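Each of the next two complexes has chain A plus one more chain, namely chain B in the first and chain C in the second.
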Partner chain A sequence: MDLNLDAPHSMGTTIVGVTYDGGVVLGADSRTSTGMYVANRASDKITQLTDNVYLCRSGSAADSQVVSDYVRYFLHQHTIQSGQPATVKVAANLIRLLSYNNKNMLQTGLIVGGWDKYEGGKIYGVPLGGTILEQPFTIGGSGSSYLYGFFDQTWKEGMSKEEAEKLVVKAVSLAIARDGASGGVVRTVIINSEGVTRNFYPGDTLPLWHEELEPQNSLLDILSSTSPEPMST
Partner chain B sequence: MVVVKRFVLQVHRKSDMSKAVVDLPPKGGFSFDLCRRNEMLISKGVHPPSFRKTGTTIVGLVFKDGVILGADTRATEGPIVCDKNCEKIHYIAPNIYCCGAGTAADTEAVTDMVSSQLQLHRYHTGRESRVITALTLLKSHLFSYQGYVSAALVLGGVDITGPHLHTIYPHGSTDTLPFATMGSGSLAAMAVFESKFREGLTREEGIELVCEAICSGIFNDLGSGSNVDVCVITKGHKEYLRNHQMPNPRTYVSSKGYTFPKGLTEVLTTKITPLKEKVEVIEGNDAMEE
Partner chain C sequence: MNSIDATIAEKGLMSSEMGSERTLYPYVTGTSVIGIKYKDGILMAADMGGSYGSTLRYKSVERLKPIGKHSLIGASGEISDFQEILRYLDELILYDNMWDDGNSLGPKEVHNYLTRVMYNRRNKFNPLWNSLVLGGVKNGQKYLGTVSMIGVHFEDNHIATGFGNHLARPILRKEWHENLSFEDGVKLLEKCMRVLLYRDRSAVNKLQIAKITEEGVTISQPYSLKTFWGFSAFQNPTKGAEGSW
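And then the complex of A and B:
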């Protein structure tokens, strides 16, 4: 098996952004892979752009870090110049401008989420190519393929904060169970008028899905006590 | 008053080689004469030398009072070990050091460049350098070269905001971690860290764990070997422990020694051929104008 440690650092990833009544919840896994090796099993893919706007990153780690650094800088200037906190729409559009104008060189899918006093909680998806789409919820990353059906069935308008966060954690943990490039812990960020809350759910607190085993120290502990039948010729 | 003298000492070998003299005037522009020769060599199976890489195991961890960096000391050129005791822990600032894996020239050049940039920055600001500054300078440089500058770094240091440890990948992405490994031996070293690391190690425990991780790389990875270098950085103090462990000593040493005294090789004949006529430079009367 070729590990290919020289492969560019990519975040296999599952990222999720969901609006609820009063704010937004952003969620992500924590696995960064280099080829087949997990380079960072506890990365933080939800980065801060301003006090009230956060960004979920997926795709190339380098590209997404550079885009978020630039946009954070522009938003800081914008805040100083306008005298008030930047709106989520402005942040998302800055992300979109960078993504679209450099579409040939960048490979990163982003989800912008936040709360401002004009529009309330908003989620904007900026996938590969640089489209901008305002949506009540959005998913991204390689693990998102496994979540389209789940969200179609489970999503509903006007959830409470607890319901929304539970939905996000369940979604990310389902994707982690099925996507090899997603794993580690589930991180969530809740943004509303009161402020920002960061939460962290280690792997062993997540529910177990179909055919998943409980974490063990050694698999020898759970092997059946009866010895296997000898093969008959 | 400088006398320019050039001559060659030629020892006659038993078979006399015929002398071919080519008298062509020098042409301008590029000369592609050697390209045909290179193609011929490649077709015969002679490959050009590969560039020098540091196969490497480099590690870093954060302990109670600061950070500890560790590295092996083998530099390879393809399958050959070209340097058995190279230095992979580079100086960035008095309170910041950086281990480098990948192409040796790239890691040296990029760390030297950032080190000078930081020194100028220190003169400008009048303050101790911060690790995050070095991180941003390194990551922007590497990103702008889109991964072609093949430098994978473990950057560690202690500044006014506390101890920091970062990994930087050739494409420009960075991670901030409590313990990190890079290089071809990173998997072996990471296995050691994952089983034995915990928060709040003491200095002795930290150094021992780092040495164990590097040794794991040295003995289980072909691209890493020789000795263990360790660098301990704490608030206001740093210790560069060069060759802290040397688990690969030279086991056989010839009793006769390895130097060859003069006179061991028989000289048959000696012929001195001056390449150019002796040129005498006489100092002119008029000195050069300022």
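And then the complex of A and C:
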């Protein structure tokens, strides 16, 4: 099996963005692969653009990083010139401009999420090609294929912050279970009028799915726990 | 440039596609749009699907939009290119309004503008990957036309793009007539949309119908069509011929 360490860094990925009553929750896995090798098992795919707008990145790691760097730079200038925080719509449209005008060269699907005082919490999807679509929730990355049915069934309007975050963590965790290109930890970012909260859910805090077993330290622990002699402390 | 440099340059162009700017293939696409002339103006229908390859990824994409006072546009093909066309048209209408001379661009003029844009992009090998339907009424004159991604354009009493060309047109040829009422027009469009729903893999059951008359544009709220599956032949199609379909 060829590892192909020269393959471009791709983020495979599962990314999710969900609005709730009062803000948005963004979620992502943490695996970056180069061919079959996991180049980074703890990546942070939820990147800050401004204090109130964040970006979920998928596809080519390089392309998404450079797009986010340019947009962060433009938004910074825009904030200075306008004297107030940039709106989510402006950030999303800047992302769209770069994605659309360079559609032949870029291979990155992005989710823009944030909160501003005019529109509240908003999520914008910018898939391959540079289409921009404002949606109550959206999913992206290779792992998202496994989540369409899940969201069709489980999504509802007007969730609370806790419900929304639970949904996001469950979704990313389900995708990680089935998508080889997604893995590691689940990161979430919650953005609302009060500010931004980053959360981190390592594998052992996530629920177990079909055919997955409770992780153990060693076989020896299992063997000793099934023996009739009680363990000495 | 000597021959060695030329081949290296070509290879560079081929591998990174930096030199040529061309839209190679669409990503997020809309399927058929159908338009007909009726007694008071134009009726157009399109579903709200945005497919991503074979996945029915987006189900609330508005593919029918009003343009200025007198026109209505419907698009199939790459959605990002349609969004860009809407920006071009927005600028066109804005400049037209800025003249403030009492004149306004009618559907014929908008259609012509779009034809030029699409054809010129085609000549540069960088097409806007869309098939557009442009309809409208100005001073009592009804207009319905289409432009494709290669610049082919024409007007007719009924228009269809994509799968609609194959499935809707035969129905329209048979059942369209001059001075259709609004109700008959809507029923005719719904008949075509239902066939497309049965037979077009990229169709979604959520559509909008738009009407444009001298008074203005109305785009309906999204709605779904009932479908019929009650043929007796559908119940047990392989009985007596196990393994067939």
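FYI, the second predicted complex is superposed on the first by the 216 of 233 C-alpha atoms of A that agree within 3 Å, B and C clash if a C-alpha of one lies under 4 Å from a C-alpha of the other, contacts with A are read in each partner's own complex, and residues count from 1 in each chain.
As a working rule, contacts are C-beta pairs under 8 Å (C-beta built on N, C-alpha and C of every residue); 3 or more make two chains touch, one makes a residue touch a chain.
As the structure is a prediction and not an experimental result, all values here were calculated from the model.
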item	value
Which superposed partner A:104 touches (first chain B, second chain C, both, neither)	second
Touching partner for A:23 - first (chain B), second (chain C), both, neither	neither
Contacts of A:145 with chain B and chain C, given as first, second, both or neither	second
Chain B versus chain C as contact partner of A:133, first or second or both or neither	second
First, second, both or neither for A:114, with chain B first and chain C second	neither
First (chain B), second (chain C), both or neither touched by A:34	first
First, second, both or neither for A:65, with chain B first and chain C second	first
On chain A, positions contacted by chain B and by chain C	none
Complex contact set, residues of chain B against chain A	139-140, 142-143, 147, 150, 167, 169-175, 177, 184, 186-187
Of chain C, residues touching chain A in the complex	16-18, 21-24, 26-28, 50, 52, 55, 57-58, 60-61, 78-80, 83-84
Chain A residues within the chain C interface of the complex	100, 103-105, 127-133, 135, 145, 148
Touching residues (chain side chain A, partner chain B) in the complex	3, 5-6, 8-9, 32, 34, 37, 39-40, 42-43, 60-62, 65-66
